[in-house]
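Paired with chain B in one complex and with chain C in the other, chain A is shared by the two complexes that follow.
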Partner chain A sequence: MNYWNRRIASAILVLALVLVLNFLLFRLMPGDPVASIIDPRFSPEAKEQLRRMYGLDQSLPVQFLMYVKSTLSFDFGISFLTGRPVMDELRSRVPNTVFLLGTSLLLSSFLGTWLGMKAALRRGSILEKCVLWIGALSFSFPSFFVQLVLLMFFASMLPVFPLRGTLSVPPPSGGAALLFDYLRHMALPVLSLVLLGFGGWAIYVRNLMVKILGEDFILLARARGLPKKNILRRHAFRTMLPPLLTIFLLALPGIVSGAVITETVFSLHGVGRFLLEAVTGHDYPAAGAAFFLLALLTVACNLLSDLLYGVTDPRVRLERGNR
Partner chain B sequence: MRDIFLRWSFWCLLLLIGTAIFGNRLFDAPPEREVAAPFSKPLWLDRTLPPTKEIRLSPESPSLLLDWHYAPPSRLSIRVEPSAGETGRFVLWRKPETEVPLRLAPLRGGFEADGRDIAFKRSLGLPPFGDAAASLFSEQGGYELSVSGEGPWDGDVVLKLEGGRWGLLGTDQRGRDIASLFIAGVQVSLIVGIFATLLATFLGTSLGLAAGYLGGWTDSVIMRIVDLLLSIPLLPVLMALAALWGKGLWQLVLILSIFSWMGTARTIRALTLTLRDASYIEGLRGLGAPSKYILRRHLLPETLPVLLATMTLGVPGAILSEAGLSFLGLSDPRVISWGRMLHEAHSFGAFTAGAWWMLLPPGFGIALLCLVFLDLGKFLEEKVDPRLRKGVRQ
Partner chain C sequence: MIEIYTPQGYRKDEKEMKRALFLALIAVVFWMLPGGAEAAPGKFDPESYSAPKIEDLYLVIIRDPDAQILALQRGQVHILGDLHRPVDVDALALDPKVNLSLASGFHGFFLGFNVRTFPWNRVELRQAAWQSLPRERIVRDLFAGYAEPLSTFLPPVSPYYQPDVTAYPFNPDAARKRLADAGWTWSEDNVLVSPEGERIPPQRLLSPTASVAPTTAELAARAADALTAIGIPVSSEPMDFATMISRLNERNFQMYVLAWQMTRDPDSLYAFYSSKMDIPGGYNIPGISDPELDVVLDRLRFAPDAMSALAAASEAQKKLAELAPVAPIYSRYSISAVSREWKGTLVTDRVTADNTWSLLAMEPAIGPMRPLYLVQGEEPRALNPFTSSSAYDWQVLGLIYDSLIAVHPYTLETIPWLAKSWSIETRHDDSGPHTILTFHLREGARWQDGKPLTADDAAFTYEYLRKNGVPRYFDNVDNIDRIETPNDLTLVVTMKNVSFWHLHRVGGIPILPRHIVEKVDDWRSWLPASVKHPENSSMTQLVGTGPFIFREYRAGEYVHLKGNKDFWLGRRR
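And then the complex of A and B:
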């Protein structure tokens, strides 16, 4: 098996285990999942019909297979709370979550990489100290606290940004106005995630860079008289990419988890807040669906960066592929 | 090891533990008591607002002058303790620059009224809407509260004014003292952080030792589980478990520890792998020592210093997870924790009230506790691995 196939196979394995975990969490928990919607005044036939509707009259293995089949076709059943198909509720929420995470990730990784490289080049400068401090602080302050403070000061006391929601109520008409309204609502969540994220990136980049700049091949490149920019871009930066991707991979689940908190703080119309509402409302199909989508997002990003890893570091491909 | 006394974090941790144990003695009321008006500002913040106070008249001091330079109090209540026998006395209220005092309440038989009671307002000739406090304190200047008339009098008269200011850190949406809530929160964060990490370390060490020493199938199964748990977002799983299993403090500790042993397991496994093939272990095996003996008597003690460091560094994670779950509203509402305080600030109107004093104390508390454990962990890590120390070239 070559590198690509192995990565894809392992992603599929993780996804399969996520399915099992999801089934265990939301189907096998103590208490009858349907009990919350069955009214004691229902006739026995009506109860039986409800159970059949949710497939609870089957044996567990059959239930599991039915569950896998419907989940893989993105049919998550009917919400206990709203009585509508869960997928209808989720469809409008997925783009918001992806936009929130994607934009903030891109911005914070660019800013962090740039600052980290600057800090590594100018060791002992004020910039380096600032980067190290911001990184250390962003590890110990809870993300929701920072976001709450930003919300308090920039939405409540100085009403620069809206206090809650993804769009104004009612939403403005017209394409440009709608887009502007959306961006205005997403600005503070994205900015807060960038603020929380870039410090960590900068520290990693700085540490990697400091190590790489001390290596012999950089010394050789300098001795050969290559221009400084060239050394940085072609030699140092290129070497830094694979370990940086590894760190990104490790941080990814935490970033997706962060969506739940960010969306709750800013009351965004996203998958994370939907999950929270479903969990607190004991809406099992909805909670299972939201968890599955978040896990799917993580596994997909995981796979993507695994594949990128193969592109940036040719050794991985050759080493494993020839075995 | 003696230089631990030079670390700020060590003394800070001692102080925090002391606060967790003895902190409730600093306040005379339990933290869940409602002591003042909701969203009262801290005392030092806004001096035009009236402070919350109690004025007491007794037979020894039957009248009292009140110098008032604030806005009217937000709420007012009066309690007249019953006196023995028929008494023709009244509680009188004289506003600045008026001659005729207002009859607030009769003294006989006891009397208790809130500024919002319609009967009380009607007896003063006030409209039935709003609070009597606004019209009783309509001006700034010297007020006089007195008891006059003939007859026996032995009970006290208590006038309670609820202003917009209270204590060191103000009050929350239910009028609880934030300073005492904050002190109560230290306990929960410390208990959850320390016990969840202890349990997780126990799990991680046993699984890591088993995986590293036994190898083979055990190893690959355990490590696959570690990989899986490290590659999915865990917060949703924790949320589901917290919502389904119940929200008590110890359930939370259990849930957190089940999902945070992976890092320790990895470290211990790696360490065990290097130790397993060391010649003294091989020698022991050659002498016929059982695995159990080798694991307990030789491998476990070797890993202890590393364990201590990873454990200390693991506490902030547990504290932050607990705070996150409580912030999402998935903790027991009766247990006061910093995350819970932030949850209440977020969902019960601190933002519309502009009550930033509800927000900052718990947040800084969490950050301080995390920094303390991070610093201690770094210190221990340097002890274990001197190469990490500053100034030592790698």
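And then the complex of A and C:
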């Protein structure tokens, strides 16, 4: 069996394991959706009726078969909590979440990488100190604090940005106006996540770059009299790329899982809050579907990262070829 | 003299400030609202209302409480209900652009005991525990006075509230004396020992975690301290809420703290304290079982008329105060805020400004009509009248669908709504006595798509709910024996047994349009807000008889409703 066949087989195995664990874990958690109803207007008989409606009166093997069938056909059923098809719920939430977290991931990784490299190249300078300090501050603040401060300043005191949501109420008519309205609404949430996220990238890249610049092959390149730009781009940056790509790709599934606090503070219709409520509310179909899709995305990103490793580092291709 | 406790110590000057603020708030409620509290209780007449003056109503989804306050202060929304953080109430009380309204609510918070086992199977211990709880101080410290100490099993706002019951005011010395009189002693390490010589083992008080419910967790810690001080070794055990409920359902606990949202009907006492409800899925969590109490609660549940219900409710509360299966602690006020840019709100001591009567009468204080924006704290869900159970769904659905009866905002008595009158009688046949409810519907009431409302719609709704065993309405329709419609405006519902509460259970069900619902394939997955009306392309299947017509739900953003200018209560004035 060659390398890629082995990788795909192990990915399928991981997904099968996730499928089983998804089913078992939620049912092993204390409580069930019906037991959590604390309402004196619901008699024990009414609760039993509800259990029947959810299919929870069936035996566990029957429930498991139904679950596997629905998951593999991507028909995840009706959410216990919202009463709407789980796919509809995810479909309506994923675009906002992907835009919010995808944009902020891109911006914070680019900004962080650029600042980190600048700091590594100017060791001991004020710039390096600033990057280290601001970087540490950036991921030290709790997100809700930064976001509420931004809301207070830029949505209340200086009402440049809206307080909530992704659209004005009522929304403007016309495609361009609608797009501009959407971008204006998403600006503060994205800005807050970039502020909170770029510091980690900057410090990581700076440390990585400092280590690479001290390696023998960089010294050799300098001794050969290669131009500084060439050393930086063709040797140092290229060496740094594989671990950076890995981190970036592993962060990708996170852009779908959502950001609960950000979604709450800015009243965004996203996946994070839905997922949290699904887990705490024992919403088996919703939680099962969301975790399965996340696992699928994580496995896909892992495969992609393996593939890109080969592209960015020829040694990896060579070693695999020699096996 | 009562003093305010602060982390820095006792400061009497704060007492004056808080009291002044509180009195100012009350004054705002009753006297300063433009258009608020216009009618005295005796003068309130539902028939004086008509179709809503508001043309466009937007329920804007804002989840974060700080963002809600900012939006109200910036005039981006006009009504904000369910204020529960004292800091927000204080801030808004000082805002000249906002009116606050405050009302007693049906919320009740209780400390519960597992009375099935030692030591809580001893009534004198439960009474002493109740007596050792500093309820007034808890309310002052944790809620800055925006709640009231509770010493009964129904909140004071309930029409069935009985204040004349055995009281257990905070007095730790009296609690110790009560125990000493009953033969309890204290060990050297101040732990109570029963008259039989059994030492109280360490007790765990279950509560939600501070991250989920900070005030509840703090309250549990304070209760534990208070009980430990009289010799009951209690420590609070914060845990995931679902796990806690699971433990309570399995009866695997010693003590717990839990809040309930009760209704105007006191028959919830039956659900909470009848021994018949100490079964899987039943709400008799403490496990109280007292034959005399059971008899009284049966009389309450099956009371044939209002007077018998009142008598049974009073007796049940007195009996419960003696048995002390739980210790009531506090009841939270309902508080809402309305922008002064609007007038016409109705506020009573039992209803805050964010109610349907207000939405019928509100209009801008100055200037032309414009959209009204109301904060919706969470996403509505399926907007399916069969399955929706969240308050956020019903904030929308309640403005679209009507039921046969309504609630008087001053007295909480039942008043006519879609039914202009009704009669209740008890008839006997071979199977025993039955309550017969006869509703006389209004003439001229129409569905929002123009079709006339008839008794057949109501009969169809009840039959549909019964036939399909819809869980949300299971208890409302389970006791219906048969339904008849002698004519288009008369509905006769024969119940299987006798109970005064049948009127509220049956009459309170929202009436659904037969011409829409009978074509629905599966009521469980029905999404009426997303499906086009079969005949009117500008409408969805979310069609009621209510004062507002559904226009659009944009997930995560808002729900848009239009005022129903042809509302059956009278055309827009």
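Side notes on the structure shown:
We take it that the second predicted complex is superposed on the first by the 207 of 323 C-alpha atoms of A that agree within 3 Å, B and C clash if a C-alpha of one lies under 4 Å from a C-alpha of the other, contacts with A are read in each partner's own complex, and residues count from 1 in each chain.
Operating definition for what follows: a residue touches a chain if its C-beta (ideal position, glycine included) is under 8 Å from a C-beta of that chain, and two chains touch if they have at least 3 such contacts.
Quick caveat, the model's predicted, so the values are computed rather than measured.
Touch criterion met: A:265 reaches chain B and chain C at once.
By the touch criterion defined above, A:302 reaches chain B but does not reach chain C. In the overlay built on the shared chain, the residue A:120 is in contact with neither chain B nor chain C.
When the two structures are aligned on the shared chain, A:105 is found in touch with neither chain B nor chain C. When the shared chain is aligned, chain C comes close enough to touch A:49, but chain B does not. Of the two partner chains placed by the overlay, neither chain B nor chain C lies in contact with A:90. When the shared chain is aligned, chain C comes close enough to touch A:81, but chain B does not. Within the superposed three-chain model, A:151 lies in touch with chain B and with chain C [touch as defined at top].
Contact with chain B, but none with chain C, is seen for A:294 once the two complexes are overlaid on the shared chain.
The interface of chain A with chain B overlaps its interface with chain C at residues 29-31, 148, 151-152, 155-156, 163, 264-265, 280, 282.
Within the complex formed with chain A, the residues of chain B that make contact are 227-228, 230-237, 239-241, 243-244, 316, 320, 323-324, 327-330, 339, 342, 345-346, 350-352, 354, 356, 359-360, 362-363, 366-367, 370-371, 374.
Residues of chain A touching chain C in their complex: 29-31, 34-36, 38-50, 52-53, 78, 81-85, 92-93, 96, 148, 151-152, 155-156, 159, 163-167, 169-171, 263-270, 273, 280-282.
Looking at the complex, you find that chain A touches chain B at residues 14, 17-18, 21, 25-26, 29-31, 136-137, 139-142, 144-146, 148-149, 151-153, 155-157, 163, 249-250, 252-254, 256-258, 260-261, 264-265, 275-276, 279-280, 282, 287, 290-291, 294-295, 298-299, 302.
Note for the complex: chain C touches chain A at residues 58, 60-64, 66-67, 70-71, 73-74, 76, 240-243, 245-247, 249, 258, 260-263, 268, 271-272, 277, 279-283, 371, 373, 379, 381-382, 384, 387-389, 469-472, 474-475, 478, 524-525, 527, 554-558, 560.
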